[in-house]
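Look at the two complexes coming up: subunit A is in both, with subunit B in one and subunit C in the other.
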Partner chain A sequence: MCTHFFFFLFFFSMLSFFFMIYFVMNNLVIFFEWELISFNSISIVMSMLFDWMTLLFMMFVLLISSVVIYYSKSYMSSDLNLIRFIILVLLFVLSMILLIISPNIISILLGWDGLGLVSYCLVIYYQNLKSYNAGMLTALSNRIGDVLILMVISWMLNYGSWNYIFYLNFMKNDLIMSFISIMIIMAAMTKSAQIPFSSWLPAAMAAPTPVSALVHSSTLVTAGVYLLIRFNMLILNTFFIKILLLLSMMTMFMAGVSANYEFDLKKIIALSTLSQLGLMMSILSMGFPDLAFFHLLSHAMFKALLFMCAGVIIHMMNDIQDIRYMGGISLYLPMTSLCLNISNMALCGIPFLAGFYSKDMIMEMVSFSNLNLFVFFFYYISMGLTMFYTIRLLMYMMINDYNLLSIYNLYDEDYVMLKSMMVLLFMSVISGSFLSWMIFYYPYMIYLPFNLKMMVIYVSLMGGVMGFLISNMKIYSVNKFIMTYNLSNFLCLMWFMPSLSTYGLSYYFLNFGYNLLKIVDLGWSEFYSGQGFMIILKKYSIFYNIFQMNNFKIYLFSFVMWMIIIMYMLIINI
Partner chain B sequence: MHFFMNSNKMFFLFILIFSTMISISSNSWFGCWIGLEINLLSFIPLISNSNNLLSSEASLKYFLTQSIASMNFLFSILIKMILMKNFEMIYFISIMINSSLLMKMGSAPFHFWFPNISEGLSWFNNFILMTWQKIASLILFSYYMNLNFSYFIIILNVMIGAIGGMNQTSLRKLMSFSSINNLGWMIFSIMISENLWIFYFFMYSFLISIMFFLFYMLNMFFINQLFINNMNFMIKMNLLINFLSLGGLPPFIGFLPKWIIINFLMMNKLYLLTFIMLMSSLITIYFYIRIIYSSFMFNYIKMKWFKIFLKNNFLMFINLFSFISITGMIFSTFLYIY
Partner chain C sequence: MMKFLFYMIFMIPLCFMVDMFWMVQFLLMLLMFLFMNCSLMYLNNNLSYMMSFDFISFGLILLSIWICMLMLMSSENLFKINYYINFFLINIMMLLILLFLTFSVMNLFLFYLFFEGSLIPTLLLIIGWGYQPERIQAGMYLMFYTLFASLPLLMGLFYMYNELNSMMIYFLKFFNMNFIILYICMILAFLVKMPMYFVHLWLPKAHVEAPVSGSMILAGIMLKLGGYGLLRVLIFLQEINLKLNYIWLIISLMGGFYISLKCFCQVDIKSLIAYSSVCHMSIVISGILVMNYWGYFGSYIMMIGHGLCSSGMFCLANINYERLHSRSLFINKGMMNFMPSLSMWWFLLMSSNMSAPPSLNLLGEISLINSLVSWSWLSMIMLMLISFFSAGYSLYLYSYTQHGKFYQGMYSFYGGVSREYLLLFLHWLPLNMMILKVEYFMIN
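Presenting the complex of A and B:
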C-alpha cells in the first residue's frame, strides 16, 4: 500500500514539475472557475489557479509526501492502524493541494479547515494523554485562524465575490479591506505559529515522526506564509505588516534561544522550524514575498530530511528522543548521519547547499534594505543562534560515546528509510541552486561593504564556537544556570508562551468555575434554595409535631376554650 | 371489598349519604344540625370493627370530636336565633358557627383529631372521611361565611397541610395532611362559587379514589412498604401519574381545578394568598414524590414468597381512571372549542 501511494504521489509530483517548467517558460497562468451556487447576485465558486508558484509548491508537497509515505512503510511497519495513517496522510495532502490551488477565500477555507482537522487527527494518532493534550492545543490554536477566515468570508460579502485575487490591487485603500488584511495576517500567524500562537508547534511533536516530517516542518506550517504570499499585494506598506515584522522577528529569536535549552531531539528540530518560519514571515513582511517563497521551498526539503533522519535515530534507539542519551551516532549510523549533517549544514547556510542560496540572499537583502538597528541585530543574532543550536546538536549526537544502555542494536541497513531519505538528500543539496536559477526572472543586485558582506560568516562562526563550548559544559557549569534560574526558565519555556495558550488561559477559568461551584452552586444557592429550605421545613415540621403529638383531650379542651373566648367577645360587643 | 358484602354496613352507608342530603337541603339551621348528627351516628358503625382495637379507638375519638363540634354548632345557632333576626350577620356569631363547622370537617386550626383518626381507619373509610364527610360541613360553611376569618383559615390549611406531611412515613397520615392542604383550596373555591367547588371536589375525590383503591388492594400503609413490593410496571406508573396529578403538575388533570382557582385568585388580586397556596402545594408535591420514589427505581427488592394476587377486573378500572388522569386535561380543552 505504501509503495503504491509512493508511486502515485511521485508521479503527480513529477507531472507538476514538468508543468511548472512549461508554465515558467511560457509565462502561463491558467485560472478556471466552477460555479456551485448562485443566488442574489452572489455566486459561490470553486476556483483554481495554476501558475508556476502553485505548481512548484504542489510539486514539493507531493514529493515530500510521497517519500514520507514510502518511509512510513518501514517506520510504521509494526503499527496496527497503518491503513488509517496512510489515509490520513493522503487526506492531508489533498487539503494542502486544495489550499494551494485556490484563490477563492471559500475554497481556501475548505483546505484550511481540512488541514486543521487532519493535523489534529495525526497529532492524536498515538492516542495517549500527552498526544491528546498536544492535539487539542494544536486544533484550538488553528481554530482561531479558521474563525478569522470565516470572518473574512463574511466581510468579503461586501464585494460580491470571494475571489480575493481580483480585489488585491483594486480595493487596497478600502477600510474594510484593511480589516480583511488584519484578519488574514492573524490567520496566517496561527497557522505558521508566530509569536502569540507559537506554543502548539513544539507540542505537536507528539505526532509520529513521518507526520512531523511532512506536516510540521514543510507543509502545514508554511500554509500561513503561502497565504500571505498570495495576499502580499494587499498587506504591503500597511501598519500591520510592521507589527508582523516585529512579531515574526521575535519568534525567530525566541525559537533560536529556546532550541539551545531543549534536550528533546524532535523539539529542537521543531524550534528550528519555528525560527525559520519567523525568518520567512519577517522577510515577507519586509516586502520580499519571492524570497520568502524561495526560502519556504528550500527549507521544506532539508527540514523534512532532518525530521526523517531524526525518525531513524529515534527508531534505532528504542524510541528515546533525549539527545543526552545519544552520542557516537556517526560511528554506528554513517549514512543517516550523513543525511543529518547535510541537512543541518543546509539549515545553517553552508555554501552551495540548499539553505545557502535562500538564506544568504535573505540576509543580504536585509542588510541592503532600509531598516533600523533592532531589526538588523535580531536578524544577525538569530542567524548566529541557528549555527549555535545546530553545532550543539551535532556535538551531542555525533561526537562522544554512546550514552544509553550498554546493550544496543544500532544498524544502518534499513534501506526503505534510507532510500526515501536519499531522494530528499539529493533535493536538499541541489534545490537551492536550481530554484534560484529557475524562479527569479532577473537576479537581485546587491552592493555591500566588505564587513557587512562577511557579517553572516562572522556570526555563524561565533555561533558555532559557542555551540561547541556549550555542548562541552560540565556539571559545574550547568550549576551556574541556577544563578540565573528565572532567566533560564523564561528562555527555555519559550518565553512562557505555552502558559499563555494552555495553563494561563484555562487555569483562571477553571479556578473561577471551581470557586463558583463551591461557593454558589454547592454553597449559597444550595443554602438558600435546596438543602437550606429542606432543613427549615423539617424544623417547622418537627415543631409542628410537638402540637400534633399531644393528648387528645387537650385538643378538645382548646376548641371549647376558643368557643368560650369568642362567646365572651360576642357578649362584650353586644 | 368486604364493605359491600355486609348488609349492615350497606345500610349505614345509605344513611350516611342521605343524612348529608338532609343536612345540605334543609331550610333551617336546626334541620342542618339534625342531618349532621345522623351523619355522625351512621359513620360510627362504619368505622368500628370489633376485631380491631385501633378502629374502635378511632370511632371513639371521632364520636367525641364530632359530638363536641355538633354541640357547639347547636349552641351557636341557638344563640344566633335568640340574639337576632333571620338575615342579620354578626361577626362573632359567624366565627362561632364557622369554627364548629371547621372542627367537623377537620380544617386547620381544629384539625388535630384528623390524622389521628385516619391512622385507625381502613382505606375505604379514609376515603369517606376525606371526601363525603366534608360535603355537609363545607356547604353549611358557605351559608354563613366570615370572609376575613376564611382567608386566615385558608392560609393555615395550606401551610399546615404542607408542613405537617413533611416528616410522616405513614401513608394514611400523609394523605390526611394532603387532604388538609386541599381543604384550603376547597374553602377558597367555595368562596368563589359552588360550581367551582363541585368541580374541585369532584377532581380531588376522583384522584384520591384511585390511589386509595390501589393502596387498599396492595394492603399498604407505610412508605417503606412501597419499596419491597414487586408491583408491576403499570401499577407503578399509575401511582406515579396519579400522585403527580394530585400535586397539580401541568400536563395532568389535577392541574385544571388548581389552574381555575389560581385564575380567580389573580382576578381578585389576592397575590400574596396565591403565592402562599402555590408554594405550599409545591411542598406537598415534595412529599408525594417521596411516596412515588419507589416507582422511579430501576431495581427493587423482590422476595420470592411475597405474592400479591391482584384482582384484575378492578385493575381495569384503575387503568381507565389513570388514563383519564393523564389525558383529561387535554380532552377537557375540547370542551371549550366553540
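Presenting the complex of A and C:
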C-alpha cells in the first residue's frame, strides 16, 4: 500500500513540477472558482488559483509526502494501524494542497481547519499521555488561528467578496483592512508557531517521526508563512509588521538558545525548525516575501531529511531519543550519518548545499537593508546559534563514544528508509541552486564591505567552536549550570512558554468554569427557578395545609374575630 | 399537506402489529423521500386552508422525519427485548405528527397548541423509557420550565386575537406590535425552549435521564421548535425587538461562553453534549434576534446542522452506553482500542460539532458570525471565545473517550454492528454533503 501511494504522490509531484515549468515559461495563471451560493450580493465561492508558486509548493509537498509514505513502509511496518496512519497522512496532504491552492478566505478554511484537525489526529497517534497532552496543545493553539480566520471572514464581508487577492492592493490603507491584517498575522503566527504560540511545535514531537518529517518540519508549520506571503501586499509597511518582525526574531533567537540545552533528538530538530521559521517570518516581515518562500522550500527538503535520519537512528537505538546515549553513530550507520550530516550542513548554510543559497541571500539582504542594530545582531547571533547546536548535536551523536546499553543491534541496511532518504538527499543538495535559478527572474544585487560579507563565516565558525566546546564539557562543568540555574532554566524551558500556555492558562479557565457550574448552574439558577420554586411552593402549601387541617379551631377563631369586629363597629357607631 | 398527514395517521395501526418495527422505520424513510419531492420556494407552497410550508418549515419537517426515522434505528434494543415496543412506536408516530403539524400550520394558536402538545410524547419517552429513577424529576423539569414560560405566550396570543381578530402568521407581518409586555410574553417561551442561558437547566437533566431516542428528539427537534417559533413571532415584533434585543444577545453570548467553560467540568458524556447544545443554541438565538439576513439564514442552517450533529453524538454516547453501561468519562476511555472504526465516527461528528469544514455547522457559524459582527463588533470577543472553547470541549470529549488506556474493570465488550455504522453515516452524510447545495438554506 505504501509503495502504491508513493508512486501516486510522486507522479503528481512530477506533474506539478512540469506544470510549474510550463507556467513559469509562459507566465501563466489559472484561476477558477465554483460558486456555492450568491446571497445578498455576496458570493460564497470555492476558488482555486494555480500559478507557479502554488505548483512549486505543491510539488515540494507531494514529493516529501511521497517519500515519507514510502519511508513509513519500513518505519511503521510493525504498527497495527498502518492503514489509519496512511489515510491520515493522505488527508493531511489533501488539506495542505487545498490550503495552497485557495486564494479565498472561506475556501482556505477547508485546508486550514483540516490541517489542524488532521495534525491533531497524527500527534495523538500513539496512545500515551504525552501525546494526548501534546495533541491538545497543538490543536488548541492552531484553533486560535482558525477562530481568527473566522473573524477575518466576518470583516471581509465589508468588501463584498472573500477573494482577497483581487482587492488587497486597493484596500490596504483602509481601517478595516488593518484589523484584518492584525488577525491574519496572528493566525499565521499560530500556525507557524511564533513566539506566544511556539510551545506546541516541540510538544508535537510526540507524533511518529514520519509525521514530524512531513507535518512539523516542512508543510504544516509553513502554512502560516505561506498565508502571509499571499497577504504580503496588505501587511507591508504597517505597524504590525514591525511587531511581527520583533516576535519572529525573538522566536528565532529563543529556539536557537533552547536547542542548545535540549537533549531530546527530535526536540532539537523541532527547535531548529522553529528557529528557521522565525527566520522566514522575519525576512518576510522585512519585505522580502520571495526570499521567505525560497527559504521555505529549500528548508522543507533538508529538514524533512533530517527528521527521517533521526527516525532511523531512533529505530536503531531501541526507541531512545536522548542524544546522551548516542555517539559514534557514524561508525555503525554510515549512510544515515551521511544523510544526517549533509542535511545538517545544508541547515547551517555550508556553501553549495540547499540552505546556502537561501540563507546566505537572506543574511546578505539583511545586512544590505536599512535596519537597526537589534535586528542585525539577533540575525547574526541566531546564525551562529544554528551552527552551535548543529555541531553540538554532531559531536554527541557522531564523534563521542557510544553510550547505550551493553546490548545493541545497529545496522544500516534498511533500504526502504535509505532509498526514501536518498531522494531527499539529492534534493537537499541541489534544490537551493535549482530554485534560485528557477524562481528569481533577476539576481539580487548585493553590495557589501568585506567584513560584513564575511560576517556569516565568522559567526558560523564561532558558533561551531562553541558547539565543540560545550559538547566536551565534563561532569564538573555541570556546576556552571547550577551557578546560573535560574537563567538556564529560563532558557532551556523555551522562556517558560510551554508552562504558560498549558498550566498557566488552563488553570484559570477550568477553575472559572468550575465555579460557574457551582455558582450559577447548581446555585442561583436552581435557586431562582427549579429547586427554589419548589421550596417556595412547598412552604406555601404547608402553610395552607395548616388552615385546612385545623378547621374547627379556625372556625372558632374567625367567629371570635368577627365578634370583635362587630362589637368594634357597634362601639364606633355609638 | 393532507397526504403526508394521512400517511402518518394511517401508520398508527401498523404500530400495534407484531414485528412491524423495521416496517415503520422504512415507511418513515419513504415518507421523507415523498416529502422531499415537494418543490421548495421562498414563499408558501402546498397551501391549504391552514397548512403550508415555506423553506424553513420544509427543512425542519424533513429534519423531524429524518430524526424520527433514525430514532427508531437507534433504539433497536427496545425491539430486541420487546420493551413496550408498540407503545414506543405509537409514541414516536404521535410525536412526528405533532411536529409535522407544528411546523406546517399557519395559525399561530394552532402552532402554540402543537408546540405544547409535542411536549407530551417527549415527556412520555423520558419517563417511560429512561433508565434511572431521577427521570421523574427530569421530566418535571422539562415540563414545568417550558410550560411556565409558555402560559404567558398563550395570554399574549389571546390578546393578539382580541386586537387583530386573526392568527394567521403570514397575515401578522403587516402589523407592528410595539408593546413590551407582549414582546416578553411572546418570546420568553421560545427562549426557554431553545434554551437561553439561565433557563437551560432542564436540558442537561432531561438529556441525562432520557433514552437515546429521547435525547435525539430533544437535541434534534425540540430545541429547534424554539428557534422556529422565534423566527415566526419576530415578524410582527420587529421594532420592539430591535430596541430590546441587546438584553437577550448579551445573555446568550456571555452564556455561550460560560456554558462552553462548564462543558470542561462535565464527566457525563450526555451532559457534556447537552451543554454543548446550549452553547450552539446561544449563538442561534443571537443570530435570530439581530434580525438580519445573515442571521436569519445562519440560524436556520445552524439549527439543521446542529440537529443532525448533536443527535449523532447522542447516538455515539448510546453506543458506548450499551456496551459499558455507563456514561461516565472515567469509564468510557480508550475506546479506540476496541472500536477503531467507531472512533472515526466520533472524530467526524466531533469535528462537525466544532464546526470544521465542510459541515453545515461551519456555514451556519460563518453566517452567524457575519450577522453578529455586523450588529456590533464587540460581540467578536465572545464569539471568538465561544468558537475556541467549542473546539476545546469537543476535543476533550473525543480524546477522553477515544485515546489512551481503556477501563480495566470492563467485563465484556462487543464490536460495532452495521446498523450503528449506518445510523451514524445517515447523520453525517446530510450534515456534510448538503453544503454542496446551499440554495436549500439561503434563498435569495
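We take it that the second predicted complex is superposed on the first by the 507 of 574 C-alpha atoms of A that agree within 3 Å, B and C clash if a C-alpha of one lies under 4 Å from a C-alpha of the other, contacts with A are read in each partner's own complex, and residues count from 1 in each chain.
Keep this in mind: a residue touches a chain if its C-beta (ideal position, glycine included) is under 8 Å from a C-beta of that chain, and two chains touch if they have at least 3 such contacts.
Computed from a predicted model, the values in this text were never measured in an experiment.
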Let me test your reading of the model: by the given contact rule, A:M569 touches which partner, first (subunit B), second (subunit C), both or neither?
first
First, second, both or neither for A:R84, with subunit B first and subunit C second:
second
With the two complexes superposed on chain A, say which partner A:W437 touches: subunit B (first), subunit C (second), both, or neither.
neither
If we overlay the two complexes on their shared chain A, which of subunit B and subunit C does A:Y22 touch? Say first, second, both or neither.
neither
Look at A:L556 in the shared chain and tell me whether it touches subunit B only, subunit C only, both, or neither; answer first, second, both or neither.
first
Look at the residues of subunit A and decide whether subunit B or subunit C touches more of them.
C
Would you sort A:F512 into first (subunit B), second (subunit C), both or neither based on which partner it touches?
second
Please work out whether A:I542 is in contact with subunit B alone, subunit C alone, both, or neither, and reply first, second, both or neither.
first
Intersected contact list for subunit A, partners subunit B and subunit C none
Counting only contacts in the complex, subunit C reaches subunit A at residues 141, 145, 198-199, 201-202, 258, 261-265, 293-294, 297, 334, 336-337, 340, 347, 351, 356-358, 362-363, 365-366, 369-370, 372-374, 380, 383-384, 387-389, 391-392, 395-396, 399, 403-405, 435-436, 438-439, 442, 444
As the complex stands, subunit A meets subunit C at residues 36-40, 44, 81, 84, 106, 109-110, 113-114, 117, 120-121, 124, 127-129, 132, 135-136, 139-140, 143-144, 146-148, 150-151, 153-155, 157, 509-510, 512-514, 516-517, 520-521, 525-526, 529-530
Help me check something: in the complex, which residues belonging to subunit B touch subunit A?
61, 64-65, 68-69, 72, 75-76, 79, 83, 90-93, 95-96, 99-100, 103, 109-110, 112-113, 115-116, 160, 163-164, 166-167, 283
State the interface residues of subunit A toward subunit B in the complex, per the touch definition above.
537-538, 540-542, 544-545, 547-548, 550, 552, 555-556, 559-560, 562-563, 566-567, 569-570, 573-574
